[in-house]
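To keep things simple, chains are lettered A, B and C as they appear, and every chain counts its residues starting from 1.
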Amino acid sequence: MDSSITSDQSAQPVLAIANNPHGHENHGSEEHDHAGNSMFGFIVFLLSESVIFLSFFAGYAMIKLTTPDWLPPGVEGLDVNAPTINTIVLVSSSFVIYFAERALKQNKLIQFRLLWLLTMGMGTYFLVGQAIEWSELQFGLTSGVYGGLFYLLTGFHGLHVLIGILLQGVMLGRSLIPNNYAGGHVGVDETSLFWHFVDVIWIVLFCLIYLWQ
Amino acid sequence: MTNAPIETLSTAVEALKPELPPGWRRYFSFSTDHKVIGIQYLVTSFVFFLIGGLLSMVMRAELITPESDLLDRSLYNSMFTMHGTIMIFLWIFPSLVGLANYLVPLMIGARDMAFPRLNAAAFWMVPVFGILLMSSYFLPGGTAQAGWWSYPPVSTQNPTGNLITGEVVWILAVAISGVSSIMGAVNFVTTIVRMRAPGMTYFRMPAYVWAVLSAQLIQLAALPALTAGAVMLLFDAVAGTAFFDPERGGNPVLFQHFFWFYSHPAVYVMALPAFGIFSEILPVYARKPLFGYKVVAVSSLLISLVSVLVWVHHMYASGTPGWMRMLFMFSTMLVAVPTGVKVFAWTATVWRGKLRLDTPMLFCLGAIMMFVFAGITGVMLASVPVDIHVNNTYFVVGHFHYIVYGTITMAMFGALYHWFPKITGRMYYEGLGKLHFILAFVGTNLCFLPMHLAGLHGMVRRVSSYDPEFAFSNVLASLGGFLLGMSTLPFILNMVGAWVQGKQAPDNPWRAIGLEWLVSSPPPVENFEELPVVVSGPYGYGKSEPLVSNEAALKPH
Amino acid sequence: MNVKTILLLVFLVSVALLVSLWMGQQAYSWLPIQASAESKLIDDLFSFLVVLGSFIFLGITGTLLYAMLTQRVSRFDISDGPPIEGSVTLEVVWTVIPVLLVMWIAGYSYQVYQQMAVRGPMDVVHMHMGTPSAYAAAADAEPVEEIEVLAKQWAWAFHYPGQNVTTSELHLPVDRRVRLSMTSEDVIHGFYIPAFRLKQDILPKRSIEFEFTPVREGKYRLNNSQFSGTYSAIMQADVLVESPDQYSQWLASAAAGDRVPAYNPAYTEYNTRQEKGIRPGWPTIKPAAPPLVNQG
C-alpha cells in the first residue's frame, strides 16, 4: 500500500535509515534539539501534573470549609513538630540536588554522585518519617472525610517522592556508565526538576494540612 | 563491494532495509511512524464508533414505544452509560487525535512527532482500555450503570457487594484514557511549538494546527482535575473513604465540580479540531483564502481560555448558589463570541468563492449549519431560567448530539474523505460519498430535532420509559436513528472498497495549498526528502505566491 | 453596493425578521401549559431567544445555501476565487454585535432570575450550620404553604406538617405561594415539574428550600430529573393544583384516613422481576419500601 521507501535509492540512504529510523544522518541541514524537546515536554508534563494536586488542594479546602463533620471523633489535630523537621529535610534536599547538578556541569563526577546520593538519602528520610507519622496517627483512611483527604493527599505526594527517589537511582546507576554525559545530561536535569516540583507541592501541602488547622 | 557477486549484494541491501512489516501487518505493530499511528487510531476508534452506534440503535428501539418493553431497566441504564462513554472516550477523542497525529507533522513540515515512541505508547493504551471497558459486560454485576457522568452517590452504590464492579472498571478505563490523552497532549504541544519547518512562524501555521494546539492545551490544563475526581471516586468505591458520601461529611457536589471542570472544556477539545477541519476544507473547495485567518487562529486560543471558566453551567440545578449561577451564565454566554466569529469567517470564506460541492465540502457545509443550530440552543441552555426548565431533559440530549454527531462526527467524515487520497494513495467513490452525506444529514436532523421538542415538553433523559405524550417525538427520533445507523454502510463500503481497489490518487487531487499536498500520496516514511522552507502564509488561493522556496526538493529525485 | 442590492438586503432582512417573530410565537406551543407564575416569565424569555436564534440561523444558513446554489463552478474550471483574506471592519462588526447581543441576553436572563428568586429561592440554604434562610427577611407577608418533600429510591413522599398528612400525590392550593423543603434519603434525585418550569436537585442529608406559586388548576406531572438508579425513570408523581376549598377538604379527609403503603411502580416492578425464574438483567439496589401515606 505504501510506496516503498528504499526501492530505488542508493545504498547510502538505506544504511542511514537502517541505523536510525528517522535517517537524520542523511539530512545534514536539519538540527533536532532532542534534549531541548525532551525538557520542554517534561516541563509541560509537570505543569499538567501540578493541576492534579491543585485539584486535590481545592477539594480539601472546599470540604474543610463546608462540611459539618471535619475532624474524626477523638482527633484534636495533627502534631506539627515531626512533620516540620521532615519538611526542612525535604526542602534542603532541593538545594543539595541543585549543587549536585552544578557539580555535574563542572564535570566533577564524584562530587555529583555523592551529592546525588545524599539527596536520595534525604528523600528516604522524609518517606520514612512520613511512614512513622502515619503509623502513629489515631485515624485511618476511612475515618470520615478528613481521614480520606489526609491519607490521599500525603499518600499521593509520598508516591511522587518515591518515584523521584527511584528516578534518582536510575540516574545514579547511569552515571557509572563511561562517557554517559557525552551527549548532554537532560535526564539528570529532568529528574532534578521533578524533585523541585515534589518539594514545592509539599510546601503547599504542609501549609494546607498542618499549618491551616 | 565491487568484487561481491550480485546475489550477495542484494541480500546485503535487503538485510539493511528497515524492519517495516509489509502491508497490513504494519498497522498491528508498535510502529513509531506518526502516519501509521494516525491510521491505527482512526481505525480503532471507528470500530468503537460502530459498537457505540449499535448500543444507540438498541436504545432507540426501546424508546420507540413509551413502555419499557424491550430491555430490563438495568440493561438500558448500562446502554446509555456505555454508549456515552464509548462514543466520547473511544470514538471522538481517539479519532480526532488520530487525524491530528497524521496531519500535524506534515502540515508543519516535520518528519514526525517530537516523541515517536511516546506516541505509539499513547495509541496502544486505547485498545487496552477499550477492551477493559467492554470486559465489564462479563462481570456479575454488569457494567457501570450511572451514566457517563458517574455521579456519586448513585455510582458508588454496589448491589453485588463485589470489589470489582462495572463502575470500578469504568473508572480504571477512564483513568487509562486520561493517561493516554496527557501523553498525546505533551507530544502535540512540544511538536507544534518546537518542530515547525524553517520559515513557518506561528501565523503561517494552518488554522487546523492552531486548533489542535488549543485543544491539547485544554487537555493539559483540565484533564488532571478529572483524574483527581476519578481517584477520589475510586477510593470511595473500593476503599471505604467518604469524599462524596454525605453521611460521613463528604460532598457529592464536589465530584460534580471536578467532573465538569474537565468535561466542559473537553467539549471544546472535541469541537476545536472540527472547527480546524472546516477552516482547512472550505478554502480548498471554494478556491478562496480562509477569511480572517489570524482572527480565526487566535479565536481558537481564546475559546480554550474561556472554556475553563464556564463549567458550573452544568450544575445550575445542583444546589449552587445564585451568584455562582449568574457568574457562570455570563462566562458561558461569552464563549459564544469567539465561536460565532469563526462561523462568520467560514461563511465569508464561502461567499463569492468558486464552489465545488464534493463530498468533503458537503459534509462541512452541512455540519456548519447544524453547528449554528446547536450554538443557538447552547445559548438558550446558558440562560439560567431556561436551563432550570430544560436541564437534564431531551433538549440537552438533542443539543449535544447536534454537536457531537452533527458537527464533530460530520466534520470527521468530511476530513476522512478529503484526506483519504493523501493517506491511502487512492480516490474514494464520490457517488457513495454523496449518498452517505444525504443519509447522514437527513438522519441526524430526523433523529435529534424532535428531541428538542420532547425536552421542552418535559421528557427527562436517561429513561427507558416515558409518558405517552412524548411518543410522537420519540418515534421520529427512532426512525432518524435507524437511518443514521444505515448511513454508515455506504461509508464503510467506500472506505474499504476504495482503499483496496480505488483509482490511484495523484499527489494533489484537490489542487489544495498545504505542505502535505507537496509530497506523494501516500507520503514516504520520512515525509519530506528535504525539509520545506516556508515563505508565505497558508491559503494563498487566488494569489500566485509559492508556499515554499524548495518545492522540487521535497520529493525524491 | 448599489441601490438595488441594498433594497434586496432590506427585503431579505425584513422577511427573516418576520419569520423569526413568527417562530417566537410558535415557541409557546412547544412548551407545556403555564401552570405557575414563573412559567410565564420563562416562556417569554424562551420565545425571545427563539426569535434571536431564528434570525441568526436564517441569516447564516440562508447565506450558505444561496452560495451553494449560485456559486458552483464546473469541474473543468480550475481558476481560483478572489483572494479576499479578511476585512477589519467586518471583524469588528461581527465581534461587537455578538458581544452586545450576549450581554442583552444575559441581562434579560438575570432579570428573569431575580424575579423568580423573589417568587422562590432555589439555593441550598439549610446547610448543616443551622443558619437561617437567606431569604427569610425578604419573605412577604403573603402566606406560604409549607410542604416537605422526601425523595428516595424510587418514590416521592409529601408531608404536610400542619396536619401530619403524608401522601404520594402532591396537592397544592392555586394562587398561593408554596414552600417546599426537600431532602433525599439516599442518592441525588431531581424534582422537576415541567408545567411549572421548575427543577431542583435534591441532595441526600441536606435540606433544600424551594418556593413558587401555582396559578392554574389541573393535574400535572412530577418527574425525577437527576438519574438516580435502576428505576429512576418511573419515579414519578402526580401534582394536583386545586381551589383553596377543594384543597382544604382534601387535606382534612386525608388527615382522617389511615396510613397505608402507597402504590409504587418501582417496588411493584422490582418484585415482579424477582419472581420471574429467569433474571433478565443485572442485580439492582432493592427499592426502599413504599412510603406510608394517608388515604385521602
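We adopt the following convention: a contact is a pair of C-beta atoms (placed from the backbone, for glycine too) under 8 Å apart; a residue touches a chain by one contact, two chains touch by 3 or more.
None of the values given here were measured: they were computed from a predicted structure.
When the C-beta pairs in contact are tallied for B-C and for A-B, the bigger tally goes to B-C. Centroid distances built from C-alpha atoms place C farthest away from chain A.
Distance between chain centres (mean CA atoms), chain A to chain C: 48 Å. Averaging C-alpha coordinates per chain places the centre of chain A 32 Å away from that of chain B.
Residue positions of chain B touching 2 or more other chains: there are none. Counting partners per residue, chain A has 66-68 as the residues that reach two or more other chains. Residues 30-32, 41-42, 45-46, 49, 52-53, 56-57, 60-61, 63-64, 67-68, 71-73, 75, 77-87, 90-91, 94-95, 98-99, 102-103, 105-106, 109-110, 112-113, 116-117, 121-124, 186-188, 190, 192, 194-195, 197-201, 203-206, 208, 221, 223-234, 236, 269, 273, 280-286 of chain C are the ones that touch chain B when the two sit in their complex. If you check the complex, the residues on chain B that touch chain C are 68, 71-75, 77-78, 140-142, 145-147, 151-154, 157, 159-160, 246-247, 252-253, 286-289, 291-295, 317-322, 325-326, 329-330, 333-334, 336-337, 340-341, 343-344, 347-348, 350-357, 365, 368-369, 372-373, 376-377, 379-380, 383-386, 388-389, 391-393, 453, 456-458, 460-467, 511, 539-543. The residues of chain B lying in touch with chain A in their complex are 13, 16-18, 23-24, 26, 32, 111-112, 114-116, 182, 185-187, 189-190, 193-195, 220-225, 227-229, 231-232, 235, 239-243, 245, 248-251, 254, 257-258, 261, 424-425, 499, 520, 522, 524-526, 530-531, 556.
Residues 1-3, 5-6, 9, 11, 14-15, 17-18, 21-23, 27, 29-30, 32-33, 36-38, 40-41, 44-45, 47-52, 54-56, 59, 62-63, 66-70, 141-142, 144-149, 152, 156 of chain A are the ones touching chain B in the complex.
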